[in-house]
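Working notes, structure below.
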Amino acid sequence: MNAPLLETRGLSKAFGGITATEGVDLDVGEGKIHAVIGPNGAGKTTLIAQLAGMLAPDSGRIIFAGRDITRLPTHARARLGIARSFQITSIFHAMSVLDNTLLAVQAHDGHSYRFWRRARRDKRLTGPAMAALEQVGLGHKAASNASGLSHGEHRQLEIAMALAGASKLLLLDEPMAGMGAEESARMVVLLRGLKETKSILLIEHDMDVVFALADRITVMVDGKAIASGKPEQIRADENVRRAYLGMEGPGETIGDA
Amino acid sequence: MHPPVRLGVRIAVLLALAVLPALTGALDQPFLLDLALRIMILATAAVSLNLILGYGGMISFGHAAYIGIGAYAVGIPAYYGEYSGYVQLPLAIGAGALFALVTGYICLRTKGVYFIMITLAFAQMAYFAFVSIEEYGGDDGLVIEQRSEFTGIIDMESTHQFYYVVLVFLVGALYLVSRIVNARFGMAVQGAKDNDQRMQSLGFDTFRYRLACYVIAGAMAAAAGWLMGNYNYFFSPEMMGWTHSGELIFMVVLGGAGSLFGPLYGAIVLIILEEQLSSATVYWPLILGAILIAVVLFARGGLEGMLAKLERRK
Amino acid sequence: MEWVLFVSQLLNGLQLGVLLFLLAAGLTLVFGIMDFVNLAHGSLYMMGAYFCVTLTSALGSFPLAVLLAVILTFILGIAVELIVSRHLYQRDHLDQVLATFGLILFFNGAVHLIWGPEGNPIALPDYLNGRISLPAGIEIPTFRLVIIAIGLAVAVGLIWLVTKTRMGMLIRAGASNRRMAGALGVDIRKLFTLVFALGAAMAGLAGMMIAPITEANIGMGDDILIVAFVVIIIGGIGSIRGAFIAALLVGMIDVMGRSYLDDFMKLIMDNQSAETASPALSAMAIYILMAGILYFRPRGLFPPRHR
């Protein structure tokens, strides 16, 4: 087996006295979908924020493609190939759908100190941008204003932006949140299709989606990764059952409040 | 198909500015030319402010400092007998860019209202620094004996030639900004205005793009200051005063922040308004202030926004 | 004799510091609670001074005039809040900056119309006009001591108000979390009006304190407002404690820079260049201080915890 694309070792972060993540070890293999599940407040979003570089861990290391990125700022990690989608939709509301995706392409196409040539006429940007939009099924909306999209379409746009950058690892924070059944099903197909070219770290509450997609699953409770393994191992794990799945069974969220 | 109202107005305004010298000659109204010069110079500065404020979301309240810096770049060399435009203009642009680089490096680490106040404070710092330099007239500033020299090419002392120099700068600034905002760089800057965190997670070092944009705007405004020094035959710290920065912001907002021609329209309306009010009554700030408040409270989107609405309605 | 001068400069710095605090306190509260940038705060400082001019000559008593003028500025603050500011809290900072810039023009024009273009002096009563002798041959103008005393008293009162009273608790709650203050069942609109007017009254008081020394002038608040901005940036916007410390710091550095920087510079360069460079440097001192602090702490010395 190859070295994993992303490794974390002992990743810890506390806010004041409250532990958000504690000693998290994680291995995301190349071309795999790795799901992180756990009750609300288990530290999943904090984990993603640390991986993306928006929060600095108190201790621990993050290694991406063989390189220690623990101290790199967000934009530098993104340039190495880590793309993040947000739990709460984060797009450029004042711009068109195409412009949103175009910026994602531009981020990876050399630097942006080009002051003269019109970006929207640059095939090197519009080509991949349109391709990403087509891939998520938003091609027909390219010229629309991003703020006018429906909620499901916003999520699709987020994925398109994550695709459009030539990133190796997608950090997807609840990509299906708030989607209808039909949209969700489409998204599952889409994500599965991505495995060819990308690795995905997925946070998701819908257990059906998780078990349908994930190659590996890590279960987090109170900031700790209590189990990690193949879906069938996780399903059979006594600890997980007790701590999490067993309480209400696979399904919607389980609050730990 | 909507009638292209905005395009029509743009062409009309630029044409009017282009033929004005001939008209004022025929009508014997040299005063109009003077007014148009002032409008165009301040509009050039407002266009540069619009680049950072309208497109970049950086509300700089110290933009007048660059006008002053540009004017000193005419006046100080002239004080030592150096009149060459080939020295003065690059000096103005370089000094403006340098001031923007140094102050921007600190200002842009802050956000929101901190940014507004810090740009204001740095402009005030430049103001007091020049006030304290007795050699260059201190508080009162100094008279400039003659305009920048471009021997054999342009005679800046000729009103008409100077007029067209100013017009070229204005049109050049508009064209430059239109290229910049539609290029990759401009996309990055506008993205950073819209959603900074997202830009970073896409891989943009937004601080550096902002800083570069801030420096470009500073250099452009200093070029406008170079024109202003030449126009006035005079420079003084007063040109950097923060009320002038406020006027520049008003021009941008009145015309429509983030629209290419907005600052020009704003400059035309504000300066003509000031001209009319101040000749009507000494209490004109009272009326202008009330108008300003009313514009903010009731008119959104500025003049370009109104034209765009008109375009859609027809 | 050297240190007699030093002590008197120290007191000058203290005086500037407390005046700056009177201005900055309202500014920082209004921003911290309402998220409102009020450029016209300096106009309220000016209006306070002019109210005091008229009342002093009408009543013939400076202390009585100050008392009434503070009340008048408070009422003016309420009016400005109701007519203009209130409609701007939900707007972005750009709109606030522009509209309050309009207010400055308006007030400058209004003062011109009512009081005329010239500066207006305020005559101090004799008992405030003298000098007080301190030990070791130091003599201080009485009025300077009065300014310092009043400024410190207001500072103590304000800090007491903010930290010990129910209203202060609401103000602090509002400054750190507006929604929470709303949830406490406070009539937020009334609280906003009150805070704005309180800030106005303090700014007005500062204007009344300075006017007997400099006269009341049109635009007198415009430049000192920027210094007050520097103070609240250094202190951390929304923090009374930060404003107080920063005001004293800025006051001291400004005064000391102007009087001692050239001596200091002469230690490191020749007399000629020191005399050329030090006025510019001392004029820039507080801005350099601000830049330095911001470089390390982009949100000032005492940033509000939540925002």
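Labels for the chains are A, B and C, by order of writing; each one numbers its residues from 1.
One rule holds for everything that comes next: a residue touches a chain if its C-beta (ideal position, glycine included) is under 8 Å from a C-beta of that chain, and two chains touch if they have at least 3 such contacts.
All figures in this text were calculated on a predicted structure; none of them were measured in a lab.
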item: Chain contact topology (line, ring, star, complete or other); value: line
item: Chain occupying the middle, per Cα centroid; value: B
item: For chain A paired with chain B, centre-to-centre distance based on mean C-alpha positions, whole Å; value: 44
item: Chain B and chain C: spacing of chain centres that average the CA atoms, whole Å; value: 31
item: Centre distance in Å when chain A and chain C are each reduced to the mean of their C-alpha atoms; value: 50
item: Residue list for chain C, restricted to those that touch at least two other chains; value: none
item: Shared-contact residues (touching 2 or more other chains) in chain B; value: none
item: Residue ranges of chain B touching chain A (in the complex, touch as defined); value: 179-180, 182-188, 190-191, 193-195, 197-206, 209, 212
item: Chain A - residues contacting chain B, complex; value: 52, 54, 73-76, 78-79, 83-84, 86, 90-95, 99, 102-104, 106-108, 112-120, 122, 125, 161, 165
item: Residues on chain B engaged by chain C in the complex (per definition of touch); value: 53, 59, 61, 103, 106, 109-114, 116-118, 120-122, 124-125, 128-129, 131-135, 242-243, 246, 249-250, 253, 257, 282-293, 295-297
item: Contacting residues of chain C [partner chain B, same complex]; value: 31, 35, 37, 39, 84, 87-88, 91, 93-95, 97-99, 101-110, 112-113, 117, 222-223, 226, 229-230, 232-233, 237, 276, 279-280, 282-284, 287-288, 290-291, 294-295, 298-300
